[in-house]
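Report on one structure; see the data block that follows.
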Amino acid sequence: MIHILFLFVFLSSTSHAAIRDFCVADLNATQTVSGYPCKSPETVTVNDFAFSSLKAGNTTNTFKNSLSPAFVGQIPGLNGLGLSVARVDLDVEGVIPFHTHADASELIVVLEGVITAGFISSDNKVFVKTLTRGDVMVVPQGLLHFQINASKGKSTVYLIFSDPNPVAQLVDVALFGNNLNSNFVAKTTLLDLDQIKKLKTAFGGSG
Amino acid sequence: MIHILFLFVFLSSTSHAAIRDFCVADLNATQTVSGYPCKSPETVTVNDFAFSSLKAGNTTNTFKNSLSPAFVGQIPGLNGLGLSVARVDLDVEGVIPFHTHADASELIVVLEGVITAGFISSDNKVFVKTLTRGDVMVVPQGLLHFQINASKGKSTVYLIFSDPNPVAQLVDVALFGNNLNSNFVAKTTLLDLDQIKKLKTAFGGSG
Amino acid sequence: MIHILFLFVFLSSTSHAAIRDFCVADLNATQTVSGYPCKSPETVTVNDFAFSSLKAGNTTNTFKNSLSPAFVGQIPGLNGLGLSVARVDLDVEGVIPFHTHADASELIVVLEGVITAGFISSDNKVFVKTLTRGDVMVVPQGLLHFQINASKGKSTVYLIFSDPNPVAQLVDVALFGNNLNSNFVAKTTLLDLDQIKKLKTAFGGSG
Amino acid sequence: MIHILFLFVFLSSTSHAAIRDFCVADLNATQTVSGYPCKSPETVTVNDFAFSSLKAGNTTNTFKNSLSPAFVGQIPGLNGLGLSVARVDLDVEGVIPFHTHADASELIVVLEGVITAGFISSDNKVFVKTLTRGDVMVVPQGLLHFQINASKGKSTVYLIFSDPNPVAQLVDVALFGNNLNSNFVAKTTLLDLDQIKKLKTAFGGSG
Amino acid sequence: MIHILFLFVFLSSTSHAAIRDFCVADLNATQTVSGYPCKSPETVTVNDFAFSSLKAGNTTNTFKNSLSPAFVGQIPGLNGLGLSVARVDLDVEGVIPFHTHADASELIVVLEGVITAGFISSDNKVFVKTLTRGDVMVVPQGLLHFQINASKGKSTVYLIFSDPNPVAQLVDVALFGNNLNSNFVAKTTLLDLDQIKKLKTAFGGSG
Amino acid sequence: MIHILFLFVFLSSTSHAAIRDFCVADLNATQTVSGYPCKSPETVTVNDFAFSSLKAGNTTNTFKNSLSPAFVGQIPGLNGLGLSVARVDLDVEGVIPFHTHADASELIVVLEGVITAGFISSDNKVFVKTLTRGDVMVVPQGLLHFQINASKGKSTVYLIFSDPNPVAQLVDVALFGNNLNSNFVAKTTLLDLDQIKKLKTAFGGSG
């Protein structure tokens, strides 16, 4: 049999077993700035890199949407790789409300139906487009954006993120879904206090 | 006189004059993903690294604030260095409205007066603090935040950004200051159409 | 109307019009290490961020596959954002041959059919999985991998890359599709010279 | 009340509570290349993002300076954000001796008084400027620089760093404040041995 | 003696002893995406930054090569610094088989003898060069490459990597040295099944 | 002949010929923060990736050293790859004076002779080691360091840098080789004015 010293040296060059092609997340360990610490290499299997499956969820909420994620919590092998994906289903009249992702750009791929997607740039230009099956649109990191089901039936999209564990901040939830002083909201948005109180009630906020 | 070959070799190791300690922005050149191309080294002076001066501006606008920036446009030497600063003055009742910086974290240093500053995390916790002279607070990149003058007189802060050319997206301007369809705004924020129309008028938007 | 000095200062803080939320590729300009230079902001429209559409292509080639890309060449707004997507269709018996992406990790999302996907780690473990509609699998950057249509009909997948302009190196093409000396190939792969010559002929190589 | 599935999915997409907008330093944990591990999210409060307060310190040392830092040790929320700030006070005749920051660029903002600041580029150009209240100057990462109080009274500056935990290496301390062999210093600086011995004594060095 | 407050503040600005100039690997700790956690600063010595010595190894294996690494396992101080080096010796007729480094570019410096080195770009150009003592050649990250001893005696090279802990994936080992189904290999490489079986036997593979 | 659509699509996915595996420096073009723009792919040859040869230089200067670089100016293919190398020869009594590299860590590999190398950490620890043929030592980025020939004959080392175009700042040259005001030097180093004047004369400085 062939004797290959070269590869062996590469493999044994650290003092203990080490996975160096990837860093599968140990989801129970304390996170660092760069993500999760790596699982022990002996315990890594192909299932750390795969997820079954992205499906339509329940769309009975107010915005008639569902989101099925394949983030690092579902695929620990995504840790450190700068990628994740989610499936979003929108029922008739369904929307994804105005929100931002502080840590990720987003690529929208339409799987079924018709979607009107839009983002606003920081110099206040409006970028809106109606997309159908197979169409793709990208939203640069950190900008306010939304999606509206523009079909008469259900619509489905894949959302691809440039982060294995993306966050989302919904404008409504941030303004109305917590105990932030209503006067602060009024002063810093110029919304009427009545409007704020009404939405605070709707979103479960106080103050 | 001493003859130093070592340094000379480092300096002449590329085929033409090159500045390699820094990349002073050529503000007239086409930007790249990593910022501005570098000015010719022969034309760089200490004035490319300095700016005089950060002063109080006119605070007669609706939000009674002024912002005096020292960004890459004022200090071309900031290009590529991941830093910039601005001075903000708030008159009595002055505020910085709810906004995000898609590309920068922000460090607030209070120079004069009293400020109530706050940010909302994406899991919807409220982080609010009242700061006085010499106090410091940091807002992580991409999160919604605001500042309110909490003193009976003027207040002044330095805002430090982790980007040489930061952007700001104001929620109000994004929702009400452009031609985005009012029905889209209503659907994706649940704000009343009356409220939207009123603020569209105030912020100069249409649609 | 409301007067907002704050935003205006952010917008005018550089000496000329600048897009700072994104850097849409000027595809005719000379690339840099970090991608394409940015298009002039005045010429950017929503179409720079969208592409219509990802469709099945012609699968009459040897490997019975087709690839429809949405890379920076199709969506200039992807420049600098670390994301792209492609649709791959595999006819009956279709495969994606063994290859690597030097610059990107890859996320596979099965749209239709059944796929057997696999990658080999550098410590020579085999990670193989058969995936069906809605299943997801990730291949870490730089590792050898392949996909085989495992259904009795056509299969379709989305391939998501962590680079706006990914490259692919096929083992066969690198070994047999160019003028690399056959003796060098034999020495450095231990393949039989007959086998090399046969595949050199098939892949159009010489030497 | 409004039911928002979208946000909930983003929040619960990992298997346990996780803060993903920021990584507040657990100062008692072992550091990594990218900084401190993150504190448990349940224990994070607004006080992790704020510090009170930057004040003038005691300037009775040889160089008549004081430095009051707001680094990650004071503001754990700075971890991973690439920013920190310090207040420096210089008494009459006070200086900051020649030094480098290996890991950070530095932005100087003059709060009070008059400062002469300078840095030397690696191609040996001198960049010196006298700055007054409100003036700003940037020192690119890794270059030798100094500051001298140029007023007849006290001067105060804010120093802003592009690192949450910057280091400083003082030339004098490195050459004279340790047990480095004096002959090595002489050979590699061409300073006279007398001068070296004198400063070794002054700075507490030996050898 | 001179009293230096400035440096002291920099050193004591975190709540406990911290090394901040470097992060020497604790090789027994769990790795993160950015490498090993840092050793306790009290235990760091100059030996963490040095290694003695890179020597010729045994070249009695099939490919008549030996590799003596100075990676992070040998020099824990390399952790986080993006550099490592190895010495490779090739006996007469010795080769380094076709392989890739997923995580590192490679710089070849010829110490002794004559080497023919080559890499293939992803657009299938062949870059081959014969190098003698003192010659240098670089192989960009992730591309297939090889080295062949072109002298009548032994040859020695230093290989420099842009990663402190580089991995290597040998094409032969990946295709023939594991239990990957031979039919999969045949389909995805077009190699003859006989050839595959022969090399599977040689490289210890099965399936 | 085999027909491979897959690779063709990857190659043609941008609107014009593009090199995407590497970005060979166009040394005549204006640099950006991330290095040189890329040469046109049609003009790239293997010679852009190779250099012949690293040789001993003239060591008749004051410090009895010579440096033969293989930086991006010699190997344009290093652009963007984070690596370079130089050969340093030290005659009897030769030294590399105290200096820093603001942009690169340095790996020393001893080729011939005996070297005493040292660096000082920012918390003022001395890391000194005497190295012989085949020994390796790393100097973390930005720290003051030196090398002294410790053999009775010539010594030769390879210096490997984590930057394709490293800079060097020599303490002596920065303090004494320019027109920086001698009083500023005295105040910020505590060196005697006599010593400063003497070395200003030696290093060709004024002021």
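Should a chain be cited, it is by its letter among A, B, C, D, E and F, assigned in written order, with residues numbered from 1 in that chain.
Basically, a residue touches a chain if its C-beta (ideal position, glycine included) is under 8 Å from a C-beta of that chain, and two chains touch if they have at least 3 such contacts.
Remember, it's a predicted structure, so these values are computed and weren't measured experimentally.
A.B. asks: With a step meaning a move to a chain it touches, how many steps does the shortest path from subunit A to subunit E take?
C.D. replies: Minimum step count, subunit A to subunit E: 1.
A.B. asks: Mind listing the chains that sit against subunit B and also against subunit F?
C.D. replies: Both subunit B and subunit F are touched by C, D, going by the contact rule given at the top.
A.B. asks: Counting residue numbers used by both copies over all numbers at the interface, does the subunit C-subunit F contact come out same (over half shared) or different (under half)?
C.D. replies: different
A.B. asks: Taking each chain's centre as the mean of its CA atoms, how far is subunit B from subunit D in angstrom?
C.D. replies: 22
A.B. asks: Rounded to a whole Å, what is the gap between the Cα centroids of subunit A and subunit D?
C.D. replies: 35
A.B. asks: Averaging only over C-alpha atoms, locate the centres of subunit A and subunit F and give their separation in whole Å.
C.D. replies: 43
A.B. asks: So, what's the distance in Å between the C-alpha centres of subunit B and subunit A?
C.D. replies: Centres of subunit A and subunit B (C-alpha means) sit 26 Å apart.
A.B. asks: Please output the residue numbers of subunit B that touch at least 2 other chains, ranges allowed.
C.D. replies: In subunit B, the residues touching two or more other chains are 2, 7, 10, 19-21, 32-34, 62, 96-97, 102-103, 121-124, 128, 140-143, 167-168, 173, 177, 190, 202.
A.B. asks: Could you run through all the chain pairs that touch each other?
C.D. replies: A-B, A-C, A-D, A-E, B-C, B-D, B-F, C-E, C-F, D-E, D-F, E-F
A.B. asks: Enumerate the contact residues on subunit C facing subunit E in the complex.
C.D. replies: 95-98, 100-103, 116, 118, 120-126, 128, 140-144, 146, 148, 167-169, 171-175, 177-181, 184-185, 187-192, 195, 198-199, 202
A.B. asks: Could you list, by residue number, the parts of subunit B that touch subunit D in their complex?
C.D. replies: Listed in rising order, the residues of subunit B that touch subunit D are 2, 7, 10-11, 19-22, 41, 45-47, 49-55, 70, 75, 77-78, 81-85, 87, 105, 107, 109, 111, 119, 121-124, 127-129, 131-143, 158, 160, 162, 190.
A.B. asks: Given the complex with subunit B, which residues does subunit C contribute to the contact?
C.D. replies: Answer in residue numbers: 1-7, 9-10, 13-16, 18-21, 23, 26, 29, 32-38, 40, 79-80.
A.B. asks: Could you list, by residue number, the parts of subunit F that touch subunit B in their complex?
C.D. replies: Residues in contact with subunit B: 27-28, 30-34, 57-63, 65-69, 71-74, 86, 96-97, 99, 102-103, 165-168, 170, 173, 177, 201-204.
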